[in-house]
Each structure stands twice: as C-alpha cells, then as structure tokens.
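The structures considered in this document are given below.
In the two assemblies presented below, chain A is common to both, partnered first by chain B and then by chain C.
Up next is the complex of A and B:
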C-alpha cells in the first residue's frame, strides 16, 4: 500500500470548481485508468499530483506518495519526487520536447539534473534507454532533433526520459491521443511491457484504451469521482448513470445505417485523381495517386487512413480548395472544374465541407446568426427578410441548436455546438454532397454520437451524398455504407462497410482493424500488428506502397503496383489491391486474433 | 486576436485609468491656453526665467525670453499630440492597405512589395531627414511625412503577417466554399480579425511618433520658433538647467507621462484583446 493516495482533492480557479473532493489510491505496481470527458478535471487532477498547476489554481486536500505529503511542500520538496519517483508523459510529445536540443542531450539533461551522470559513460546509458523503449536505430537517434522524428518516435523518447530514473509511478496524460491507431497500439503495448514493478495512472478519454490496459478505473464527471472499481466490474455493471452513458457512447449506440435510396443516382465520380505538392529543392509530394471512387446520392462513403494517407487532400480536391494535378472529378455526370473560383455558384452551393476543427472554421467575429445567414445572402439574395429568418431558424432546429445560441459568438459555444453550427451552415444551402473532414474527431464520445445521428438524419431527409473522412474506424462503422481504405495516397481496399469490417482482405485493413481499442475488457482490441510507422509520402516504397510494413511482402511486391481485384469471385463491390490477395497464407492467421496477447 | 471578444466586458483597470489620464491631458492641452490670461509668444524681459507661481498666472514659470511656460507647454503638448496623431493615421492607412494587399494577394507581388519595405528599412532615416531639412528648408509638413514614412513599415509587416495566417484559416476556406466573393471575404472575415492587432499597434505607434518628433525637434530639425512642441521646449530647457530647472523639468514630465500612458494603453489593450491570455483552464 505504499503507492499514491489522493484524498479530498479540490481545485478551484476563482469561483469555478474544477475538481471536487476527489479521493483515490494507486497501489504499488497497479495500473489505473482515469477517464472522463473533456472538462471533467482529469488532467487537472494529474497536474495537481506533481504540483504543476498554474499559479492561480487553489488546491486543497491531500496527495501522499509512499506516505509522504506532496501538497504544499514547495518546489524543492516536489523535485525529490518529480521524475525520480513519479514520472509523467504528456499528450503532445512535440510540445514536451525542447526543439533546440538533440534527443541525446535532452535525456542527458535529465540524468544531470538527477546527479546520475556518474554511472558509466552517458552516451551508452542513454542509447540503452532509447533501445529499451523500442526506438529503432537508437544509436543514430541520439544526435537527431525532435522535428526529425515521427510522432510515435517522439512519444518513445518521452517515455525513455520518464523512465530513466526507474520511477515507481508513471502518470500518462492521454499519451496516445495524438498518434495514429496502429502507433497507439504499439505505444500502449510498450507501456505494458515496461511496467514491471511500476504503477501506472493512465489518463484518457478512450474507454477502449482503459479496457485493454488498466486493472482499475476511475471515472470523473464534472470534477467529481463517480466510479472507482475493477475495470471488468465497471464495464459489466456501472454503478453510476453517467458511467453507463459514457460506456454506451463508446460502444456507439447509434441506430443502424439506413439503406441507400433506390433508384440509385450517381452523385460523385472521381477518376485517376492525383494531388501533388511541389516542395523546395524540386521535390514533389504525391498526396493522392491514381485515385478513383464513385458515390451515389443518399450514400455515405467513408475514407479511412492514418495521417499522411492523403485523405484530407482528397477531400480538399473534391471541395475545390486544392487543385488536383491530374484526373477527373464528375459531379452528377458533369465534369467539375478544379478550384472553387472556377466553379459556378450553383456548383459551389451543391458541395459543402465540414472541417475538423469546429471553432476554427467559424469566423470569430461573426455571430452564429450571421454565419448561417451568409450562405443565404450569397445564394438567395432575393429571399425576403422573413423567409430568410425562417430558414435560419429551421436549419438551427434541424441540427438541434437552441435559438438562444444564434446570438452568440463562436468562442461562446462548446465544441459540439460549434460543430452543429458548421454543419448547419453547410446544410442551409441544401447541398447534394457533404464532405466531412474528420468532422467528429475533436468531439467527446457522447457529442460525437449526437453529431453522427444528426448527419444521418440530414441524409435521410435530403438524400445528400456524404464523403466521410476519418481515421477513426469505430466512428466509420456507425455511419458508412461503404468504406475505402487509403495508404500513402493509394486505395488499398474498398467495399461495403459490413464486408470490410467483418472480412477485411488487405493486410493493412486487418492491422488497422486489429489496432482499434474496443471498450470490452474481455476482448479489448488494440493489437499492435504493425511495427513502425508509415514511411514519408515523399519517398514511398516502390510497387506496393504498404510492403515496407507488411508481414507478407515478397520480392514481387516491390516490382509491381498491385491492381484492385475482387476479394471474392462473385462480389465485385469488395475490392483490394494486394498481389497475394488470394494466397492461402495471407488469409490464415492474422484475421484471427493472435493468442500471445498479455 | 479580435475585438469582439472584449465586447461587453469592462476594460481592465490599467487601461481605464490610463485612458482617463490621456483624456485629461488632452483636455487641458486643448482648453488650457485659452483660459490663461497670457499668450505664448509675448516676450517680456522683465520676467525672464521666473519660477512657477500663481502671480500673473505663470503656473509653470517663464522661459529665458520671459514667455509664459504654462501656455507654451500646453501648446507644445497640443502640437506633439497632433504630430503623433497625424503620423499614426498616415502609418495606419498606408500600412494596413499595403500589408493587407501584400498578404492577401501573396506570391510574387507580395515578395516584391515586402522587399521594397525591406529596402526602406535599410535607409538611415535620421540622415535622410537631415538631408530633407537641408534641401527643402525647415517645413512643418515634412515632419509628418518623415515620421509617417518610418512608422508605416512596421504596421505593414504586422498586418501582412496577420493576413497571411488569417488567409489560411479554415473559416476563410469555409467562406470560399460557400462562394463568398473575395472582397466580401476581406471585409467580413479578415478585416474584423485584423482590427484588434491594428488597434493595439496603433497605440504603440503613437509614443514612437511622439518620441521621434521630440528627438527631431531636440536636434533642431523639427519645429521652429515661435512654434513649440514638447521636444523644442525640452531642448530649450537644457541650456538653463542649472539656473531654472523647471524650464526643462515641466515639459519633460509631461512628455514622460504621455509616453508612459500610451505605452500602458497599448500593453493593456494587447492583453485585453489577446484571446489566449483570457482562456480559462481546461483539462
């Protein structure tokens, strides 16, 4: 029982209570998940433990580690604990690393600060620490700078720094939220393997992560601890209604996907599209290559891929924000000019886009009402004031925006409200095609579900076609009729959502699906099938772009770009681009969950 | 960065008190000379360098020509504020138009326009001003031109940078997707977001202009007798520093208060319009 004990912790900013009488304990060697929506106070709790809150925070209560009180002891007292006995890693490793110091120097600083520099040659010990966290080619990484590393590698460096002193407790604040799902699985596995005797306090919004990696879980809601129990018990029988809501939200309690209306009408057809950017030194980055898709009215096509797969470039090319370098985009049977300025007004009206960052896509100086009015002012200037006002109120009601919010500025809205405004602005024009570029990625589980519901009902009402760009497969599952998987600018697999999810054919799709954490402690998902990260789109592998990470790659994969083939002979809707698609070996072990999971 | 965020909220106390000080100084400078029985050009050799007194309403004393310093100081303050205002407006208009155009058009035009700014920066302005004064003789207008010409460069750079980053923001992309024409995008979506930073920068430009005018006048390149600005008054006071310190101290104190107030105002407004500074903690 010599671990961390938090007792009646309260945090106030002025009159606002952020954390309200929270008590919990993390025993030695235990892994505990701290979950809650944004604003629930989970990060504040973590920061309070190590005395890292801003000066205007008022903290009361008790935080004891191995029997010693941490609160109110002053900086010198806390320094004896920070990173020596309690280490912390943060969400964004890019912000936590000093950009001006090489990786080796940063770790050396830690060692020097702890006066540990006399335990053998510094360089050798640091390289050993980097190897321990699975950083490939650790010797070479020693002299590199943070910006030369990928996100996953940076998080490994942060872990190496945190673990240098063999802390007894590691606090990890959303350590994988900024990473791709396949990299997230690797980092979480690494955390598990490094733990040995170390206790872990894992702060996350993702119940799937907790299900797979924590013995106990704590649920925070509006600053109050509403649940603290074994992970399994909480998932089986949550005692608090809010916990149940969170669990339901994470399991995606969105209704079934409605059928595409018949008769089918083609809304969008993209052929051999190429989007490239010329960089300095004469380099060209191909974000999208030989890309094709077709989309019917009333249908939702999800484009899935990790960062750098070119999915956003595709969305922007279709929307007209980027000019494709090659290829053809047909909209309702007519060729669509590249670039918004070349498109006639009625074409602009027909294609709308919802961005990832809801607040960033709304003009900060305009009120919600004015934001919703602008599209009408442009496209229906003859509309009378009364009719216009009615349209605005109607669309606001459609997306579930309270009338009172129309008088607010974007910064006075929550993330979910702001995204509703962005969607309302797109819908007020009654578009035929709605492109959603990671439209729910920045939202909490419950809000995410509500927005997905909203998009679905808008589709059912108006029959619009939707191009839904996402990295999050669990979101896609709840919404899409068809799925298209991208890797380094190319399509690797596409087909009806039910088929792709139940019988993924391409090794990449399988790895991606296996890596998704599931909110189920008995079958948590989150398996790290792939190692490493996607290579830079500047230097993609020859032939099959996936072969550098593929367990089944052969020599011929490097020679030929695999053509898209039907997965099953009698089904030409589900296609994948893999040379070994029909190879029995490929269709063997990976689709079944590997047994060696801890 | 925008002014709308501060709408409806009281300005910070520092900003409010400096605004009060500035308004008071301006009011006195405008009305004061008319209320005094003396005038600033009337040289009276019977009261050379008399110390401040209520006698004869010489509240600030007299200078080495026996002129009333109260009136001269207030007239000088008025002149200094006028120079600062005109110079700031000149730099505001040129700087904002130039910077926003360069930033929004971008590409080669932006590069050419900004290299022009760079080359102007490279010019030694003091020498240029001295040269201008020698060639065109001393001209009241020239001071405005010289000061405005220095100040608009900074403004242009700041506005251009801000426009460049605003242009890439998603709300501008969203407006383009809706089909909002370019002119309307600039007016409705970009300009209001520039307002905050421009306002702040303007209040920081004013003290620069005041200082520069005083500096030129102190060197004897600015206003000429009998016109006075705070700079010429300070320059005149230096020679009598030992016998009549008030001739130097009073105008320099007013100059000091003005500069301090404008700087406080600028800093205060910057804090008030900085969104990030007032964001509440979130977890």
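Up next is the complex of A and C:
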C-alpha cells in the first residue's frame, strides 16, 4: 500500500466533535477532492494527517502512509513525513509565508531541515525550484519578501517550498480561495502540470474546482463523510441528499432575475468619476478613472472586477465614504455632494451599504435588536417606541431572522445570520439604493443563495436599486440585470447581464468568464487564458489598461485609451472598450488566441 | 536609514522645545519658590537673591535666558545646592544610575526573555504557571518592599553581600541591581510569553511545521524575531525609566544616583535642576524611541520598505 489511508479518524475539542469516524484513502498518483461547507471538518482532517492540529485537539483513529502509522508517533516521527513525503499548501499565502524572512531564506530553511543543503549551491537550486513553479524573474524574487509579491506569486512560492523534496502526496487546503479567479485558474493548471507521479488531496468549498481537477471526491458534512466516489458519478448521481443540496447550491438554483419595473426611473447617475489616493513620495494611485454608470430604480447593476480593479473605491465614493477627486454623482436627478458630512440626512438615509465581512461590520457590543434600532434612532427620532419596535420586528421577519435572535450579540450568530442582520440594518431605513460590497463572498454556497434570494425579494418589494460589487461571476449571474466589468480602474465592458455572459466582447471579460470553474466534470471551465497578474494600479499601462495581458494587443493599443463602443450596431446597451472590438480575429474562439501574439 | 534617523532627530527639536516650555511653566505655577524659608528673609536679601538668579526679570526673558544657556550646554546654577551647577550635579550622579540601570536591564532581558520563551513553549503546564506566578508576584510587590527584603535576606541574615553603597568593590552593586531588575524581569517575561505564543499560533509557524522544521529551528528562524517586536515597544520607555535611577532603591541602599534628584529637586523648587532633569529624561525617551523605531526596521522588512 503506497498511498494514504485514513481510518475512523475522530477529532474532538472538549465535548465538541468536529470530525466523526472518517475513513478514506488516497492512492498513489491519485487526485482526490475533499469538499464541504465551512465547519464541515475538511481542514481539520487535513491538519490531522500531518499532526498539525492545536494541542487541545484530541485525535483518534488511524492515519497510515505507505503502511506506516502517523498518529501518535510524536513530532520526530512526523518530521520524517512532513514535506519529505507529504507536503502541504495552505489557503492564504499572505499568512502562510513568514513576512519577516525573504523568499529564498524560507526555502533554504526547508532544504536545511531535510538535510538537503549539501547537494550543490543552495541559491541556484532554490532559484530552479522557483522557476519550476513559473515564478517570473525567479532570480530576483529570491531576495524579496512576501509582502513585495502578489497573491499569485506568493502561492507559487508556497508550492515551490512544498515540492522541494519531491513529496509523494500534496495536501492543498483551499489553495486558491484567496486568489483572483484568473490567477486561480493559473495556479490550478500549474498544480496539474506539476503532479506527475504525485498524489493530490485538494480541499475546497468550490465544487467547480473539484469538477475540473479531481478524479475522485469526498464530501464531508458536519464532520461525517457522506460521499466518496468518482467525481463524475457524484456529479451525475449523488447518493446523499446533502450532496445533492451542495451541488444544487453550486449550480445556483436561484429563481430567475425579475424584470426592472416600468416606467424606468433613474436612481443613480455617475459621470466621469475619478477616485485617487495620494501616497507617500508624491505618488498618486488612480483607483477609478473616467467612470460612468447609470442605474434605474428596481434594477441591479453588478460591478465585476478582480482585486485592484477599483470596484470598492467606486462603491465608497457613491456611498460618500471617500471623496472622489473628480466627476459627478447624481442621485434621483439631483447632484450628490461628495463625502457623507456634506450630505443632508435624508440623502444618507436613502443610500445604505452591506459589507463583505458580516461579523466585522456589526458592532460586537450591541445586541441585534439595538443594531437594528440605531439607524431608526438617528433618522427617525420622533418615531414612537411602539412603532419603532414594530419596524424592527418587521424588518427582521423580512430578512428571515427569528425573533429569538434579536436578543443575541453578533458573535453568537452564524455567518449567514450576521449577514441577514447587516442587510436588515440597511433595509430598516427603506433606502432607495443599496450598495452591496462583496456581500455574499464570505458565505457558503447554500447560505449565499438564500441571501441572494433575500436581496431579490427585498428589491421586488420596495423597488430599490442595487449596486452589487463582486468578484464572483457565478453570483452575479444569478442576481444582476446589468453587468459592468472593471479592470485597473476603468470600465472595459458593460451591458445586460444575459448578453455579457452569453456573448462577452472584451478579451478581458472573455478570459474572466473562461476562468470561472463550473461544477460540471465534463465541462469544468477554469481555463487559464490569461498569464500573469494585473499590473499595479500605480503604474497602469498607457492606452488600453489591459494591453499588457491581452493576447490581441497591437501597437496602437498603447497609444489611445479605447472608447466605449456598441458591440452590435443595433444595440447601444452592450458596450465594450477595445480598439479591436469589430476585428474578426478578436472574435474567433477564445481558447485559441493567435500563438505568435502570446 | 541615516536620512530617517536624521529626520527624526530634527523632528525631535520642536518636541524638546515644547517640553522645556512646559516644564518651565509648570514649575513656576507650583506654589512656593526655591528661596522660601520658614522665617521670611529680609526683603533686601530676597531682592538680592532674586537679582542674582535673574528671578526679578519678566518670565519670557527668564525663559529665553535659560534656553540660551541650554543651547550652549549650560543648564544654569542649582538654586539649592550652592556652588554647584545643574550640569555638575547630573554629571556627578548620572553615571552611577546609568551603570546600575544598565546592568539591571541586561539582567532583566536575559532572565525575563528566557522565562517568557520557556513559558510560551509549554503553555498551560506547570512551568508556564510557575513562571507566570512569579512574574505576577514581581509586578505586584512594590520595589520599596522588595528592596528591604533583599537587604534583610542577603545582607543581614546571610551576610553574603553588603547592604549599602559605602562598601567597596563590585559586591555593592548586586542587591540594587537585583531590586531594579526584578519588576522588569516580570514585565518582560509576561510580554515575551504573550507575543511568542501569538507567533507560535500563526499560520507561518504552522507552515514551517508542515515543512518538517524542528521546534528549535522554528524558534530560531521563524518565531523569535517577530516575537521581539512587542518587547521592543515596551523597552523604549522602560529603559529610560530604569537608566535614570529609582528614588526608592537609591534611598534604601544609600546610592548617590540621579533618581533622588527628581524628588528633592521638585520639593525644593530647584527650578533649574528640575528642568535639567526633565530635558535629560525627554531627550533620553526620544533617543530610545528612535532606536526602537530603527530596530523595528531592522527586524521587519515591511517597515523597511515604507
């Protein structure tokens, strides 16, 4: 037996059981996906294999690798396996790398720990290892520190460290969750290409990732293994009802997007908006440039982009949380002053926000009831106590919050409940515009769907306009009427959601859509069309900001900022900013850009 | 680095000026003066003294006269210790305090950090609890209790060490240094334990474990450096306090150090002495904090690039 065998693994913390009699095997060379929602015990299982759980965890059962027992053997015994035979990469490379040590030093310490430091000059071997994982300019990265690298580069460094000793099994715990979708596709491709003989245990919440990269899959639910089979079989015919729910949630079984009510009334109009930040040494970072949008009452506009695209700065400028350096924001036909302090109270009330981190956006010292009461106390101070209480209970019911929860503190809520509270806090003021900044990004699939449904029904009930900021295209697909794609502070494409998703026109939008993993083993998506990562917003390319990563870029793309043009002559709602928009070559198949231009 | 340090030193000048102004104003607001006596002096004598020490001049003029002296390195004559200038008093007593404080801080660093690391490596065990209990005791028992107890035990009962400063040789240093170091040992042990525990729980230490590094390598390579950051922040003001002497320790052991002047100077309304000490202390704090900030940069690459 050369692979990994886990038998009756149990993990307890005090009286709480987080993993309950889990048994599975990963054969040599096999790729296995371990999926489940947060709290299902998947990371705990992975950490238990290498004995990395905290001291207060009690572990029982058996973990064998190549026939040798790993549990209970002590640190010295485990060190013979760690990274030499079983390597591990973690979720957030920004935290998993030591910020105090240079990249080269961290890899050198691994070599030293494995007594491999005698096989030739350390530096050359480490640079070779960094080159193997596709780290650009590996020689220079050797002396750099983790904070000087981008997210994708950091995860490549983690991989390089993990692969130094040619392990037989790689455990990857959510290795791409902290990365942008186009970078995720690159890293997952890299993982596949590096595998050769190595087995892979890929832990993820994303069924799309499993569909594209794992032969077998295991499903954990509340600490129990409920499914273990070929990936294709599980997707075709899940044996457990909970697996089916997970699959449904990942496929986004949310009702259709309702039409925008007629007659259309313009809620928000943004024109030539610019948001910039002054940095030290006289540098200026342009987060948003020449930005325009319009949004009708009852309509949802999704702003899509990867990190650094400026989407959050845009949301903050509209909300008045940062002062735009230029441009005009009209709200319901009247100009909106920049900054909240300049806005009259009723204007502030009409625009409400929901943030990404539900727990972090609720005051930990207030009970849910008080959190919902505070906006009323500010904006409707004359409301009678009775009426106020009714409003609070009504809005809680609207977002599906049980009355009993009103008496709790935020830390006593689940992520989904906390986000419902955040939404209720926004809705209790009956706003005209709701800005959701990555509002479902921190939630599990099923909870995500429920919250999206909740937002849709609130919109249908009150006719509010929604500005939905997200990096997740599969979420946007289920909610938005219109989509606007941003790259390095500029709009590259916008149009009705159905048109943008079915017929993306801009090369960046196409690459973005191709990179999204789809929960379908036969057509898994997740294609790495783009190489590299977006350049720093401090030094954007001249002309078209996307040209440095564009397979179709020509000399003229560097000379002129492409204007937004209609994608089709008879349709002025779907526009894209690309000089080669109507070039037949650009409109060929996405996955095969002309080779000589790459 | 050099530019950063020079910039910070330049920025310290207005701070120091403000401190001088504040000290000057505060001492003069305090009721009473340096030459008030039980029996009032004859008015003409009082006028003579006031003239000699320029106390008859308007306050702003006095202030700038003082400031001019300070810029030339002259902190003026002491108002109380006749024939002594403030510079002489400080030059007389500061080296003693510097020596005692420096030794105490070194001792505290070695023992405190060692104990903290030991406790952090075995959290919630007997070792940990014992170290923390001793540390808690060290913090909660005031120095004016500890110092006499040390004398009682080592000088009076056991007779191993001299009790006072009049004895010759290095032996007289031991007890005062111990008394000064003890509370610092306690603080340093607590801070280093907490920060090392924090670092040991970090993701990158887990990574290092997954990479097969030994505990010793993890400590040496990954954990100690980041764990030092909170210790450094504490050390800045702590070193300044310890180096300038302790009234209690000097009193108990009869040491002619700087610490007692902080108290007697204030009680005597010795304007120039108080201000000299305030300037010395402020300059020391500024210097040490600058040193701490430079060390942050040495330890943490993220600070360096900013």
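Quick notes on this one:
The rule is simple: the second predicted complex is superposed on the first by the 589 of 598 C-alpha atoms of A that agree within 3 Å, B and C clash if a C-alpha of one lies under 4 Å from a C-alpha of the other, contacts with A are read in each partner's own complex, and residues count from 1 in each chain.
As a convention for this text, a contact is a pair of C-beta atoms (placed from the backbone, for glycine too) under 8 Å apart; a residue touches a chain by one contact, two chains touch by 3 or more.
Everything numeric here is computed off the predicted structure, so don't read it as measured data.
Look at chain A after the overlay: chain B and chain C clash there. With both structures placed on the common chain, the touch criterion links A:187 to neither chain B nor chain C.
Using the contact criterion defined above for the overlaid structures, shared-chain residue A:467 touches neither chain B nor chain C, since it reaches no partner. Residue contacts after overlaying the shared chain place A:450 against neither chain B nor chain C. In the superposition on chain A, A:340 makes contact with chain B only, not with chain C. Residue contacts after overlaying the shared chain place A:480 against neither chain B nor chain C.
In the superposition on chain A, A:103 makes contact with neither chain B nor chain C.
One listed stretch of chain B collides with chain C once both complexes sit on chain A; from 79-87, 133-141 or 169-177, that stretch is 133-141.
Of the residues of chain A, those at positions 54 touch chain B in one of the two structures and chain C in the other.
The touching residues of chain C, when paired with chain A in their complex, are 123, 201-204, 206-215, 217, 221-222, 225-226, 299-302, 305-306.
Chain A meets chain B in the complex at residues 13, 16, 18, 38-45, 54, 57, 319-321, 340-341, 345, 348-349, 351-353, 355, 357, 360-366, 374-375, 378-379, 409, 411, 422, 425, 429. Here chain A touches chain C in the complex through residues 50, 52, 54-55, 75, 79-84, 87-88, 90, 92, 95-102, 105, 109-110, 112-114, 145, 147-148, 158, 161-162, 280, going by the rule given at the top. Chain B contributes residues 2-5, 169-171, 173-181, 188-189, 192-193, 275, 280-283 to its touches with chain A in the complex.
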